[in-house]
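There are structures below to look over.
Look for chain A in each of the two complexes below; its partner is chain B in the first and chain C in the second.
On to the complex of A and B.
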């Protein structure tokens, strides 16, 4: 079962590395991004250990159940609605920036709203399935995708255009103190474990987390690669001029003997799979939080038919995403993304520490008997 | 019921989605070469030459058909829009892997043209860029007699699939765009010339001072520069070196350099390691005195490289990225202010080590 922890960790890692995170990190490449990359796995790793230790004390329980063991219903509702919006917004950002990339590269004449709508319908269908189905779906998508991600990274790594001097120059700026937004975006990569707040429902009673250090370490290496490879390919100055950095980087590799000349298209398919899986998982979590806030909810991680609440919530999410897309243009998505990352960093850190405190023995005896 | 209705909604949306942007392949023109020239007309400074591939059933040498469209325009994007009014099919750049910039343009400013190419989503970042001599139009217009696919001949020059010449420098759009902006790395572009109206010669490179040509190297210097830039090419062909009475072929080459501060003078120590075979030499020359022969060759090669480096330094361009290496090693407060003086003061020390792989079939 440990592999599911790995999947949840890496879907967040891969998706964000390709979409939002590089933009903020690369903008700050001379102003603390390197330091942010070095600190974030430490902070992310500590939070990872805290959260996994905490939920180990509550076997088979998700965040809604744990919180309602301690606090009155009105508070639980407000808290869960807030969490649901936070998670839903992350997925909305991913799906809308991905829509922009698809329209830009695959079919610039298409109506982006229709493409967004089609993508969201797929995601909505996936997200309303049971927790166990979503878990298996994630496994399948990642097993199909990891070779693709590895291929893109390998081809870029062996590209003769890679210039180590440029990488060296940026790495030399390690002593700069990181800005908040670069730290927030770097640490976003290490927050995939937060999916466990819902998916803990599927983990068996005396589950032992293994290889947590290895997961953090490999995410750290992936972060290093995705930050430094584009700098090596595009140079220290040009790298900040690209809006979709990894799309441009994937397009810079020649594949003489591939079926297709441009690696860009391989990359876009991999990215699409990742983004859709990420959105499905994100929305599923969002749905589960919202359902926890609604009265008379039944919790069943392996329900045969989705509860009718799931459909209500997902329609709400889709509508909100569409309205956001109408209101916000491309530039704003990136800016808002920055603020969102900071907000998310703080509230997730607070949630994790809070849960950790709740899981202490001294605190646990205050739990309500009826909920436990 | 729920599932069925979802399915119906989904299908109806995908029908709508597929209809709008897609154009069939027989309703498209694939651009197979593009040239951008500078005209004397100030209102319409750009002349765009577009070579469009005409789809044909027969694939045979000399059977390739192309259509060339030329337009003068105030800016490139506008020109393409005007060009669309001259052709009956949608123009697609997805397969265009050679772009030629006219020498006039390259002598004034290439930044705008390169920016336009990078910004456009359907132009590959791995497309090859060259300078057309005397202008891009005459290069793009050429219809080689032996060409099999439309526009294929020039594309093959700039790939390692077919001809691999040690005189042809391949510059890709990504690299050119990087070099345009990078501090301490200047653009290089191959110069394409037309021979007898039917084929090309690509054996020179132009070194650009960021946006315009500073110096055009001769073929033998070009080959030497490409050997030094070997890390850029995945080729297994590095050409050779001629120092009478010896002609050698270089099998592998590795170049290393570092800066060394000797008192007031900044030295650049370049060390070149080569494995060579002999193409031409007097019989027994190597067998009688291998050490002397090798020494003589090593000195000659080092001397040639040094001359080239000094020539490039005098032209005040930096295609090898010395500035970038300097930035990686020393911190400069204001690179653009300080580097030109530092660069001009550099003394080059070049040493070469050659190891002989063989002398061919003769002694």
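On to the complex of A and C.
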């Protein structure tokens, strides 16, 4: 069953690599991005170990249940609303960036708001399903997508235009101290385990986490690939001129055989599946947090019909995303994304450490009971 | 003997246990046999009638007739009963009497799910004959056959079959509750029952498997599924099912390993083609012809150059035509059926392309869609899939490629959130050992 942990880790990894993260990393490529990439798996790995150890002590419980075991209701509500907004915002960023990619590369004549609405409708439908359904959905989407992602990376890697000198030049700036934004965005790739805060409800009671080092290590390699390959393709300077870096990178690869000649279209389809699955999972977690904050909530990871709260919350999320899309343009999205990544890094690290301490506390309490 | 049998055997509705007391001599005879697999007439002729007439001491009959054998070991009772023997106890001696009946001659041919090397017969409309074959092929004491009546007026018999040891009792209770809550006056076919049991009216995918094949029923029982057989219907219902059951044909177990594995892959390819191809045609030709390499894009567009309207009108014309053709060939008598396919498929198809109303690529797309739909082995699923292409076409008309793929994602979401009687419908099995527990296993049931 460890594959489910793997899926949650990698959906976050893949989606962010291709949408938000490369922009911030690339703009700091001479100012410490390389160092950030090297440090982030260590920090991410430690947090991963802490969180998985912590939730192992609370089998079948999500974050809302765990927190409400220790703290008063008013505090739990504020905390959960904050967490819900944080998670919902990440997915909103992804879905709106993806809308821009669709309108730019696929349907240039289409109205972006309508495309966004349709994307969000599908995501909202998926996000209101039960936790078990979302989990299976994620599995299917990733199994369809991983060959696609591997193919895109492989084709880019074997591209004869890939310039290794450019990669060497950037890699030489390894000694620079990392900036906060680049560190935050690099470590975002390693925070997929946070989905377990809700999806732990599904894991069986005697669940053992295995291969945690392997998951972190492979995410690290994917991060290296997605950072350095565009530099090799576009060159050290030009690379910073693209907003959606990987779309441009995929477009510079040509396939000699087969129906489709431009890699871009394969990439966009793969990316769409990833982005939609990411948004579904993100919004689902957001819905579950919000429901935890609402009174008289019923927790059932395999509910036959979605609770009415789910619909309320998802309508709220969709409306907020639409309003944000009206107010903020593309450049601002990327800048705000930077601040958001920093905020998220700190609050998630704090949550993880906090949970870890709580789980220790629980063990001590039980130990005392046993002694007495 | 009868008391003891009650302890060893599963409480089956079809196990006949009777105690006959002779009105004059007050002698007692105990009789037990499985009704579907025994020839009742034979039991009457050899046991019940001689016993009640009492012209000839029945003990002598038992001892002299070669059809009766003495049974000393109670451990063998079970086996003997399942092999169509009737057990008789008389004066503390137990005999087995061979009354096996195997009704394979009375079965209709299998038309609906034909197979090349598998059994050639289908279920009978007489449930006793069907139960006979099932008991004969699934010789396990754990097989339980429950009986209930459905329909206020028709009082149609419904048999519920399951393997007592393997079935999920939670699901079984669920099904029995659902069955007893059905209120309907008349029921004629298992299709009606399927609709009543399905619960949700607007479900996209079937959550029950309708079959007429014995081998499929036997396999389903051995996997702990529940089989419903309705009197007067040639089709049994199997539940709960997963999506993969619908992609699986019984033939897959009879033929060469690699080829059948390949055919399963081909079925999935056909599934993808039949749902997406018309949508992709619209999306690619009207929105993004640049996806294809140049030569291919030219070929596609050139074949469409004489068509005077947008691609989606073309698609709708052809798909409506093919649906009418399919419908016509089902409803017409078999003798005329071939005419309609010739007229519709060959003549109309060629003519409409030559007249320049539809491009030749579209003809290929239409035939591919129809053929790949027929590749799917189960009819109910094939019908459900036939519908799926239309919403995708609508999405493709308005949103192009993004619409097609969002449509597919929507279907995947639907599949993942479907439950067949409380069990997951669409998920990868993996190797979930009982020791490590399954996902969702923490839920209190």
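Everything that follows uses one rule, which is that the second predicted complex is superposed on the first by the 360 of 372 C-alpha atoms of A that agree within 3 Å, B and C clash if a C-alpha of one lies under 4 Å from a C-alpha of the other, contacts with A are read in each partner's own complex, and residues count from 1 in each chain.
By definition in this document, a residue touches a chain if its C-beta (ideal position, glycine included) is under 8 Å from a C-beta of that chain, and two chains touch if they have at least 3 such contacts.
All values derive from a computational prediction rather than experimental measurement.
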Open item on the list: Let me test your reading of the model: by the given contact rule, A:115 touches which partner, first (chain B), second (chain C), both or neither?
Closed with: both
Open item on the list: I'd like to know which partner A:125 touches here: chain B for first, chain C for second, both or neither.
Closed with: both
- [ ] Name the contact category of A:161: first (chain B only), second (chain C only), both, or neither.
- [x] first
- [ ] Kindly classify A:107 by the partners it touches after superposition: chain B alone (first), chain C alone (second), both, or neither?
- [x] both
TODO: Go through the superposed model and pick first if A:248 touches only chain B, second if only chain C, both, or neither.
DONE: first
Task: More chain A residues in contact - chain B or chain C - done: C
Task: Which superposed partner A:261 touches (first chain B, second chain C, both, neither) - done: both
Open item on the list: Contacts for A:335 in the overlay, against chain B (first) and chain C (second): which applies, first, second, both or neither?
Closed with: neither
TODO: May I ask you to decide whether A:73 touches chain B, chain C, both, or neither, giving the answer as first, second, both or neither?
DONE: neither
- [ ] Please indicate which partner A:202 is in contact with in the superposed arrangement: first for chain B, second for chain C, both, or neither.
- [x] second
- [ ] Share the list of chain A residues that count as touching for chain B in one structure and for chain C in the other.
- [x] 107, 110, 114-115, 118, 125, 261-262
Open item on the list: Can you tell me which positions in chain B touch chain A when the two form their complex?
Closed with: 2, 6, 9-10, 13-14, 16-17, 20-22, 97, 121, 124-126, 159-161, 172, 174-175, 177-183, 185, 231-234, 321, 324-325, 327-328, 331
Open item on the list: Under the stated contact criterion, what part of chain C meets chain A in this complex?
Closed with: 287-288, 290-294, 296, 399-403, 405-406, 409-410, 412-413, 415-417, 419, 424, 426-428, 430, 432, 436-443
Task: Sites on chain A touched by chain B in the complex - done: 104-105, 107-111, 114-115, 117-118, 121, 125, 160-161, 163, 165-166, 168-169, 172, 233-238, 241, 248, 251-254, 256, 261-262, 311
Task: Contact footprint of chain C on chain A as seen in their complex - done: 1, 3-4, 59-60, 102, 106-107, 110, 114-115, 118-119, 122, 125-126, 129-130, 132-137, 139-141, 143, 201-208, 258-262, 265, 269, 272-273, 276-277, 280, 300-302, 304
